[in-house]
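Some structures to go through are shown next.
Here chain A shows up in two complexes: once beside chain B, once beside chain C.
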Partner chain A sequence: MHTSGRVDRHASLVTRLALSLVVVLVAGCAASATPSPAPTSAASAAASAAASAGPTADTTPRGGTMTIINGSDIKSWDPAITSGTFPGGPMDALDAIYGFLVYVDVKGVVTGGMAKSLSSPDAITWTLKLRDNMKFTDGSAYDATAVKFNWDRTADVATAAPTQTWVASWNKGITVVDATTLTIKLASANSNFAAQVAELAPFIASPAALKAAVQKTDIKPVGAGAWTLSTWDQGVGMTMARNPGYWDQPRPYLDTLKFAIIAETNSRIATVVQGGATMMAGYPYQFGTNATASGVGTIEIPIRGINRGYFNQAKGIFSDAKARLAFYQAIDRTKLMQAFTQTDLYKAPVSYFGTTSAYYDAASKLPDYDQAKAQSTIDALAAAGKPFNVKIVTYTNSDLKRLTAYIQQVLSTYKGATATILEVDQANLPDQCRTKLDFDICFEGGVLVSNGAEPNISNLLRSTGVTNWGQYNSPAMDAALTEASATIDPAAIKAAYAKVQQLIVTDLPLYVFGEQTRSLLVRNTTGGVVNSNGGILQKQYLYVCPSACAK
Partner chain B sequence: MSGSGIQVDRRGPQVSQPTTPARGPEAVAKGRSLLPEADAPTWFAFGFLALLILGAVLADWIPGLAKPNLEVGAFSGPPALTVNQLFGTDALGRSIVSRVLYGARTSLSIALFASAISMSAGIFLGMLAGFYRGVVERLVDLYANTLASLPPVLVILALIAAAGTSVFTITLAMGLLGIGTYARITKGAVISQAGRDYVLAARALGASDVRLLAREILPNLVPTLTAIVPPLMAGLIVTEGSLSFLGYGIPPPAPSWGGMIAGSTDLLNRFPLLIFGPILAIVLTVYSLNTVGDYMARRIDIREGQL
Partner chain C sequence: MRSVRSTYLRAIGMRLLAGVPVFFLVTFAATALSDLMPGSAAQTILGDSATPEQIALLNAQYGYDRPAWERYLGWLGKLLQGDLGKTAYSQQSVAGLLLNRAATTFEIALLAMFVALLIAVPLALFTATRPGGITDTVLRAVSSTLLSIPIFVTVVILGFLFAIVLRWLPATGWMPLAQDPIGNLGFVALPAMCLAVGQTAYFYRVSRSEFVATLQEDFVLVARAKGLPASYILLRHVLRPSLPQVLTVFGLSMTHLLGGSFIVESYFAVPGIGWTVLGAVKDHDIPTVQGILSLTVLVFVLMFIVVDIGYALIDPRVEAT
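For the complex of A and B:
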């Protein structure tokens, strides 16, 4: 009696402990990424998106409700606070209210959204054409003056917009031509300007609502997008109703759009599988067998991105290019991806651009796995007084933990090589890596869209790039990127990016270890999935299928 | 008996042994048994612990067993009939059997050394409290009750936050937190022994306090302590596993049972067997230690009953 009682207590303690901690720790896998459109001068109509949405407007089912699960919520309704256009991110809510002025479609073409077009004959002077008679939901006009007001506000340091510097570099060149036309004269040619607007300054709010707000948190969500806000429980979720004054009638097709905020990936997956929500964004390896659960389907977002680590080139072992080469050679990146994803779905990428990219250059390939050469280089570095001791920094995410643990495990098999791992909170990773430069190699989660070029490639590789965490500084790279942006000739752009790729495989500023596309895990009655930019949904096209329509 | 002027039988309660019934053949057989009156679960518990300890100590010499941080197979591979893949391979292709055995070194070492810290300080304080009572007892009670009121995992996390994660920090923290438990148990045992004839006799013969405590009472605490140490060690193993599970235990890549479970939780829906090895190790070890403790307690009850 006494024995079994005590045993039961302890056994049950173990069980309860394991179960409770499982619940607490089944997290991870949070994906963060930044997006990227493709470079092209722009002009297009929503018709192309409508066509890709599947059914025509006349036959598309209308009404119903969908719930999208996102990993995090917005802090305010400030349209200037943008944070990446990956699916499942906080920008979803801003887009629903304000709508993209222009967006980059999955083929890399800048497409009209709230605006008809944003185009330029010379990449210097750009013309924004708005639609006629558009109104914000407060009744004020959505016109060129309102657009200028929003961009001027973004350029104001007091707004504290992440894109302030960029917008401030051109907002002085804005001219309001008439109610629906606005020109922007840039200081120098930039063929990627429209794509950058789609990514960095796409949202326009009612000037009256912005002026009325004393603080950011006071800003009321008054836009002209497809939806109007009904309720918002910050950090929990929000409900939106269709905007009857939306310009692209009969869209949106849904009556109600809801967002639920669930930070933990497995919980998001479980919620969709159990029917508590319509969709979530993630990766196939995260879905596992849930992807084939009853009533569930997956939809691939055909926008390729890279998994990457940043080499610290300002100090430490990787300030020597030979060490970066040894790192590439030391680890089989295909196996690394297997350890990372626990599937064999992925091969090691051969280039920054995927083989399907318009910019892919087969002549420039990333280094292959070669243990003997790696050991030889590690030995040579040690002989030169540079021991191959690598400090790996990442954030607390179960996939990234496996990734870094595998790197540590593999490096420990080389004579004279060691690796230590530092895990920080996700929010602290930029400070640890970008600000303090306290790392040798720093891994971020999620994929960075890279089949197109800008603005991501400049952000990563320019000496002044905002995501150039490793402080890569190459005048040749800066010149090649400038060359690519200074022309609208496709052949010249491709030639310039060929130089960029050559420099990437020579200098190895990044550790490109994987390439993936995101997917949506959806209820199988989800129709009208149209992705844009970094994968964010154009939600006005969503509709509920009368029967299963997603595989 | 001894050459000194004081002649006291220091066996305490065992002095009454001559009063036990005469041994028949069955009793003789039991007396010869390695574990008298042990039932099957007790034999299993002792056997499992013996095997675990042997496996942990001799892991380096087990033929064919890979090192715990060596990739030996597929990622999250299923069990197979080989030494290294008996429980399968973990998410990084390492042998789970190997990591369980090497992890046992860590878990058992921490439990052992933390128990040593708790016991040595706890017994010392408990003996003083039980022997002198009064202010000393109140102070020790205050100390023990204070420690008991603190949630152990949170206190250890705070200490780790202050001193950093290491085996030494975890062992020391768990050892310090266990002092109160040993002190209270020891105090109670000392109080029950202090009025017994053999103590009074020794005192009457002029034995000093130190001698009374160290030579007369302490040896008679051993059975009681022997019974409580195993279950308390089981608690330490669970605590260490919890810390590792939470990511504050043994720093990877060193193997630890809790760390192995933590590293598998996000993959459970895809590879449920990943968690089997370390869970089995923890459950069987905790079960075995508790069973051994209960067996010891039963033996004490029998001996006390024979008084």
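For the complex of A and C:
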């Protein structure tokens, strides 16, 4: 199994290198969304080929049902509520109903979805081109006016959309040119705007349905996506039927798409292994030997994510950059990942960006494990009246328990260093860390996937970033991030991100301890896997293979 | 005859009345305690990236910022009109949801109880006639072992064995009985089996002790002296007088099974009331929590009424009061 894992990683490495070259070449053109689907695996190649060949030549198998297992249910059909485009998350259901206006494919290219394109010649004025004659399932027109209505609604404070501030920063610049064209004039250049729309404001619902709802939870799911809702049993699952009016016929290929909600990871795995569902998203270390069970396959989602902890830079020991450096040097991050995942599949990341990223700068490396230097720094801090007492905060979870216990154990081996652990309820973590700042280092579970740099890097590292829990505040970082966004010149973007990486390894605002990609555990007859953004599936491409097609 | 009926009716009425304060206490506590839980319904809807201001705004829009007593009175007012409200997110009728989910839980619990009784009582009758024998010793050891295994271990072991290794039964999910009775059997088997394991051991030990004690009663000696067949003595003279104790255990076990259903339903993703209330509490879906608690109070009160009335029916010496 380990041998096979190494082969897969090697293959993945080669693929990523190739993809990076493609990204650099593509980035040479003006920032734009292109209308081509992106296969992520052999299983999806057929779907892609069929998609590009046109409806008459499409021999992709039709019909059938697939069941996707997610860990949690959605709470409303409000298209303004977005919560991360990882696979297996609540946005899966919203995407099925509304469809992405544009999405970022696995090569990092913004691609047309419900819209033909979202492009700009100068990163300031963006043009959204919609497809002709699209209709919502209530019969109303899916046009530029509907898009403007949705974005204006998101920008309205009363909607309480988490992305309100961002959308409100540009919605005043929207102009409806004609039924299928809309322009957005930004206050300043932003080459990442299309990617940010794909992540933060991608869903458009029928204005009539939105106007008819008094509360968020009253909103009926009326979109123009590939599916229509048949039934929804809260906390149990939902059933969707193919939308016969979907613009991209003959897709969706399936007749029925189901979502089942199973909170327990082992139960999700057992259900797929046994054939009770088609797929679930997770990590290879979670699948174990189930990944090789009869009738089961795995598909790697080639979008890298990082495991991270937030250093509190507003107060406490980690407000001193030397303490953050000592923390990096004190712990072998490869061994930490072993403790966290209980496998030896992972090595410590050397950079915020993966080594195959187009933005990777080999000159900026995260600090290596070095016990002697760590002890020396800890001693120096103690001599300066800053004892190395670390309060670790995380939420109650068995993986995180192992992670924090390992850190506590390792730190206790250093003279003058101690660590205490506070576990809180998952729902309380943002309050404990982001709002109260009551931590020295705060660990969130899961992997923060980033398909391209933005919007994650700004959210994490800008002084105003929404996930900048550690209150990192660096004018130089803000300037470098702005510089990266303000240009469409690939060389200038790379140079700006080189500055960002230099600042990351100097300031150490985050504790980046792991890098992982998610995988899908699937029945081996699963075809048409096309990932986008943070890994979310473009489910219109899914089809049931007549025989095993996923390894 | 009429006086007997009125005695029963009075007894039932008294027990129902006794349930009323419990009902108010439990349902009000559900409303009040929800304020002490981490997060809020608004936070659940908006997600982790929402600002405190947005959460406060949505809480105000939904009325979640009103005092607990005010929200409780609002809920009670609707209840008096026969309206249990709607689920917080999918806007399903709570009453409809409860009927659906309760049917699932009770099917599993009753099947587990039936299986447990079917296995435990005959075995207890058999070993009670030969106390201290090899079979008795072995079964007592086995039942002690089974009783010591917590339900969260049982679900993992049986789930792994029957769903993963043997692949005989579905690992998760549910098929309603009305929709597909045969398919339903497959889905109900594993959860019922998990609940039945501990119950069988419990019933076995209680029944065996009771049967052994009854077998030493004078009337059994008389029956034996008369030369009545052993099977007749066991069924007629031992089983019936022992039933009140078994019935008490049955009533307590039903409450235990409802408690156990939280774990079983969560592990096997069975949409019963245990699974539903866990999700509802986590998601701050208070209308659903209120509905489930109301149902639970009602079921418990009815259960104890059935047990008490059952005593009187089985044993004429017991009066319904």
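For the reader, a short list of remarks on this structure follows.
In this section, the second predicted complex is superposed on the first by the 492 of 551 C-alpha atoms of A that agree within 3 Å, B and C clash if a C-alpha of one lies under 4 Å from a C-alpha of the other, contacts with A are read in each partner's own complex, and residues count from 1 in each chain.
Here, a residue touches a chain if its C-beta (ideal position, glycine included) is under 8 Å from a C-beta of that chain, and two chains touch if they have at least 3 such contacts.
All of these numbers come straight from a predicted model, not from anything done at the bench.
Look at A:Gln338: by the touch rule set out above, it reaches chain B but stays clear of chain C. In the superposed model, A:Ala321 makes contact with neither chain B nor chain C.
Using the contact criterion defined above for the overlaid structures, shared-chain residue A:Leu437 touches neither chain B nor chain C, since it reaches no partner. Of the two partner chains placed by superposition, only chain C is touched by A:Thr467; chain B is not. Shared-chain residue A:Ile421: touches chain B; no touch with chain C. After overlaying the two complexes on the shared chain, residue contacts for A:Tyr406 are found with chain B alone; chain C is out of touch.
On chain A, the surface patch touched by chain B in one complex and by chain C in the other comprises residues 266. Looking at the complex, you find that chain A touches chain B at residues 2-3, 6-7, 10-11, 13-14, 17-18, 21-22, 25-29, 266, 288-290, 338-339, 342, 396, 398-399, 401-402, 405-406, 408-410, 412-413, 421, 423. Taken together, the chain B residues at the contact with chain A in this complex read 41, 69-71, 75-76, 91-94, 231, 234-235, 238, 241-242, 245-247, 252-253, 261-263, 265-271, 279, 282-283, 286-287, 290-291, 293-295, 297-298. Of all residues in chain C, only 38-39, 42-52, 54-55, 57-58, 61-62, 87-92, 97, 156, 159-160, 163-164, 167, 170-173, 266-269, 271, 275-276, 279-280, 283, 285, 288 touch chain A in the complex they form.
On the side of chain A, the complex with chain C involves touching residues 73-76, 78, 81, 83, 157-158, 160-162, 164, 215-218, 232-236, 260-264, 266-268, 270-271, 273-274, 276-277, 424-425, 427-428, 430-431, 435, 466-467.
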